[in-house]
Amino acid sequence: MSSSYGENIRMTIFGQSHSAAIGMTLEGIPAGKKLDFDELAAFLSRRAPGKNAYSTPRKEADTPEFLCGIVGDTTCGTPLTAIIRNTNTRSADYSQLKTLPRPGHADYTAEVKYHGAQDYAGGGHFSGRLTAPLCIAGGICKQLLKQEGIEIISRIAAIGGIEDEGVLRASTAEKEFPVVSDLQGERMKARIAEAKAQGDSVGGIIECAVLNLPVGLGDPMFGGMENHIAQIVFGIPAVKGLEFGAGFAVSQMTGSENNDAFCIENRTVRTETNHCGGILGGITNGMPLTFRAAFKPTPSIAMAQKSVNLETGEQTELSVTGRHDPCIVPRAVPCVEAAAAIAVYDAWLGRKKEV
Amino acid sequence: MSSSYGENIRMTIFGQSHSAAIGMTLEGIPAGKKLDFDELAAFLSRRAPGKNAYSTPRKEADTPEFLCGIVGDTTCGTPLTAIIRNTNTRSADYSQLKTLPRPGHADYTAEVKYHGAQDYAGGGHFSGRLTAPLCIAGGICKQLLKQEGIEIISRIAAIGGIEDEGVLRASTAEKEFPVVSDLQGERMKARIAEAKAQGDSVGGIIECAVLNLPVGLGDPMFGGMENHIAQIVFGIPAVKGLEFGAGFAVSQMTGSENNDAFCIENRTVRTETNHCGGILGGITNGMPLTFRAAFKPTPSIAMAQKSVNLETGEQTELSVTGRHDPCIVPRAVPCVEAAAAIAVYDAWLGRKKEV
Amino acid sequence: MSSSYGENIRMTIFGQSHSAAIGMTLEGIPAGKKLDFDELAAFLSRRAPGKNAYSTPRKEADTPEFLCGIVGDTTCGTPLTAIIRNTNTRSADYSQLKTLPRPGHADYTAEVKYHGAQDYAGGGHFSGRLTAPLCIAGGICKQLLKQEGIEIISRIAAIGGIEDEGVLRASTAEKEFPVVSDLQGERMKARIAEAKAQGDSVGGIIECAVLNLPVGLGDPMFGGMENHIAQIVFGIPAVKGLEFGAGFAVSQMTGSENNDAFCIENRTVRTETNHCGGILGGITNGMPLTFRAAFKPTPSIAMAQKSVNLETGEQTELSVTGRHDPCIVPRAVPCVEAAAAIAVYDAWLGRKKEV
Amino acid sequence: MSSSYGENIRMTIFGQSHSAAIGMTLEGIPAGKKLDFDELAAFLSRRAPGKNAYSTPRKEADTPEFLCGIVGDTTCGTPLTAIIRNTNTRSADYSQLKTLPRPGHADYTAEVKYHGAQDYAGGGHFSGRLTAPLCIAGGICKQLLKQEGIEIISRIAAIGGIEDEGVLRASTAEKEFPVVSDLQGERMKARIAEAKAQGDSVGGIIECAVLNLPVGLGDPMFGGMENHIAQIVFGIPAVKGLEFGAGFAVSQMTGSENNDAFCIENRTVRTETNHCGGILGGITNGMPLTFRAAFKPTPSIAMAQKSVNLETGEQTELSVTGRHDPCIVPRAVPCVEAAAAIAVYDAWLGRKKEV
């Protein structure tokens, strides 16, 4: 099922942008795990819109209501369901989407796939708003991993071609604009502001690392860590590329350059470099699991664009009004962490069956 | 299960490099479909080793034996199983893998994961040899898609940083060295020969396109065409990056540049450009579905490399002997087509449930 | 995942008896299907408690709120989620369940499985209340099947050893007490009343039939109609036996008696008898699909029972207070229909992939 | 997929009665488990035909060849595949099945489902012969459970209405004709001989028990032990009914009779009776897990039967020639054990994820 993910846990996301509510169900979480709801709220707030100049001014009441699966603050072994009410809906903004598909959006493909019955208001199930329940599930998994000593960190690696500098570290994610180099961060913000002023938008790259993983998570073939992570990360709207470790750069390297030499550190097997991104044969090798995801520029732009009228077949022009992020990347950072957390926690539980 | 893939069909790959046989089972293929076994043999031969200077001199008897699932040349609705006997095994080559893990290989991660019980001979289940059954399954799906008018084509896009030039077309895949520009192809071959002479290896990029797709295959969220394709393509050993359409380049574009304008051609909705790679919201839009996969250089190299002795914990040196491809990319081209064919055929069948 | 069911559609049930809400998500329903919410409400009311002398006097506000998956009264292709708030909770009734497990209930097995973290109030996720979301999903599937001409009917076949008489027909299910023979129905009610007066309870059998099925639904092996139906029907609390067609009686028959002879009726292949319950080799043969499910007597009884104190290990006595059905069978009739509807609709959609 | 089973392990069965081979793949078995191939052969021989007067005189070379998944006698963590060649095929016996469907068989439903492309020789994928790979998988799982101290035993509970007497014990399964009462066993054999002499067949019931289970296997709802076992047991051809513990008899009991009182034995929580068959809320309670499966009489009988000609639509008569078991029940005993072993081992592994 396309709205579900996971083998050892199972997350199901439901809701449309303008339906009564959106939410998620998480099955398979062991009983007796404590959750910190303040920490979860703080995690969700990193994704929330309306906080600054480079995100949409829309306000979303992203406080989840937990319907079940917990007793007090502790999981009880049954499916966890949490919902978020859709309150700030402005359906009038979206009336033309059915006949006049926005370039870069799913309006046209949804119209054909669902033969006209799709919920087109606000992008329906395709809306970036659906990453809120993803972050609920991911925020929970992130906490459960943290209880096992596993950390997930991330940063904006690039926006509009402007790259961050320096090495990703845990404190980076705490920042309001999560880059290592604040100077580069200012340049990125200026690039976003420039695009916004032009009625345009920009894309970027997010880098993520999972730290302190045990050796042995993941499987060969289609159950590799790359496969698992890819399957969920490409579920974040706007992701068009994904690479692990040195990624596409490996295509230009020789084996002697790319192979990560084994060594011993503190009586532990490590590698001197980490071009493989902590994954060998689909399986974690104890080094940081690292990946980068490429985000396309927000397709909703104020500038005039060419489209066609699906009813008349006529060529026409379109300008997307409404409140949109000129760059989705800053708000997508916790979404990437969430996706990684869910994939890794799934593999973590799966590992237990192997003895 | 890590060796299985698919939702509407289900492929399971089994076997180790030096076990009695390797093979695959394909469930869910409709009954009454004609298969062309000569065409399948031709497809498999594109992956076979030992054909030229830039692949391993090992000979593999890659002729599959079909055990069931067909009556004559026609599917009968039950699982199709085909096996390939492992005949040309030289176990003596691999005796040191258990204590002396090869950099870039899964020797170490498998040792930990399977607590010493893994089949390490020839890389076991992690061997590139396991792509032979992938190609059987993919070759079948490719034929079934062709019966519906859908074509899958591919090429070597780059090797060792040397890029192909020109536009991918159907005839490219027919070539013995599948590049558009034969001049660039010669340069790539020279780069491979150079690496081989140095006891080294090189990586590269494969580009693939699926043509004549109907609008509406794939789903939002985790069932998108990107997710489906990623889940299987990362199962091909050595893939470390994957991008759709303009891929990582979208991170440097503005919305007005990246958005593909809708237009009408021959009374059909098309887009003027195809930066989205034929996928909007996870769903095919009728344009060619395009993606590129980055392959790391073959980790097995003759040059000396640093490793550790897992028993003694001592730092040591290692030189991988045996017969290895200095560049896996040429032989991986049909594997990428196979993976795409399986993912797309799965989505093709899934589409039928939606009315 | 244990709270989910289905291959072509996927139903997930969530909630505990005394959590904020219970509910269900149904993925995979095609877009553009009209739902009749009045009909659904009527279906759900057949399961509702508090209506008469032989069910619990508890009132449950079983009106589902649909959160998403529909636009107006029409499915839009995304997951349907509906919830029911838990309002009439009396947690004080259940305080002793954790240390003093009720015989016939899951109190003890849950305590061990969830290592003390289970939600024991009201039986938690094991409560019969969780059949309400099952009936929402089943009521929807029943409507979708009806749109295809397929009907599902059922009756109370026996209670406390008193058997209904006559042949099951569509009108039976409309009755407030769904039996063919009202005389036998009165005897059943008297048996329930007698048990209630004694602080005891009684079990029974429910018979269900699916009419107008096409030939060809279901699959050999583990995807047979029997397997699919069994997997969901045993998910209804209290079911301890299931039989198809002549069921256990076939064990006493000869092949010549049991084999259903083929014949032609109205130019259609039929069978003269229907001992196979409309299923041959797991696949529907066009005759009515019939099955019977055995329900154990409600384990919650006022009579004193022996149990043990899990903390002290002492033998003790227990009397279950609170409001309980002396016989769950009448209210379970729509649950059985719901389960059948979900299983059959899943097979219905799966059939479309086979051409 | 209909030929696959399992959530934590995954068994896939392939092959048709007269294809080149039949076989099975078992994914998810942990690495490092020792298998006893002599014990497996002994287990398989309990299912083999041709041993005595009450089974078919066909000889089947049921010796499995293991293709992969093991190194020596030890699992290596990759999929286990074993095949059995089909040698003793007599295709001429089956020429009329396509147009003249045998009553009680899947000939007609397969013809419609696979629109004429099914492999009808010998019943194809519907043949009882496909229980041989089920027994390979089950024999392996039985050994793995035994290594954990869990035993699976079974017996013929009834044939043709003649019931076994006495209590099932471990030694019963060792017998060539596995009944507790040899006297009743002789009566059953006489009943089979009688049916055979008449060109007819008889059905029966098999009882199975799983001993020494820990408390806590299985899940609520659709992941209960009943659901898991039902899903696989109904995959054994000819099973038309299934009941757990007291089964259908619970429908005639009161709660005070049926509820199993908790007690303490050897400092362990037990129940005085075991009407629930060791399962409460879908979860094992530490008592023996018991169930009974009803088998229909072999549909292949020499006596003349009514059928229709699918081509001409004419009513006709049919006599099934060839070598068939007059009663399948004795040979089905290990199949039931195999099914139980697979289901229980799957739950055993799943239990590990819950902490």
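Observations, loosely collected:
All chains are identified by letter, namely A, B, C and D, in their written order; residue positions are counted from 1 within each chain.
Just so it is clear, a residue touches a chain if its C-beta (ideal position, glycine included) is under 8 Å from a C-beta of that chain, and two chains touch if they have at least 3 such contacts.
Worth saying up front: this structure is predicted, and the values here are computed from it rather than measured.
Of the two chain pairs examined here, A-C and A-B, the one linked by more C-beta pairs in contact is A-B. Where chain A touches chain D, over half of the residue numbers in use are shared by the two copies, so each contributes mostly the same positions.
Distance between chain centres (mean CA atoms), chain A to chain D: 46 Å. We define each chain's centre as the mean of its Cα atoms; on that basis chain A and chain C are separated by 39 Å. Mean C-alpha position of chain A lies 26 Å from that of chain B. Counting only residues that touch two or more partner chains, chain A has 1-4, 13, 28, 31, 77-78, 110, 113-115, 125, 220, 354-355.
The touching residues of chain B, counted against chain A in their complex, run 1-5, 13, 101, 103-106, 108-110, 112-115, 125-126, 130, 158-161, 195, 198, 200-205, 215-216, 219-224, 226-227, 230-232, 234-235, 237, 239-248, 250-264, 267, 269, 271-272, 275-277, 280-285, 294-301, 303, 305-308, 310, 313-315, 354-355.
Chain contact summary for the complex, chain D toward chain A: residues 8, 28, 30-31, 77-78, 220, 349-350, 352-355. By the touch criterion stated above, chain C contacts chain A in their complex at residues 1-4, 10, 12-16, 19-23, 25, 27-28, 31-32, 65-69, 71, 74-81, 83, 110, 113-119, 124-125.
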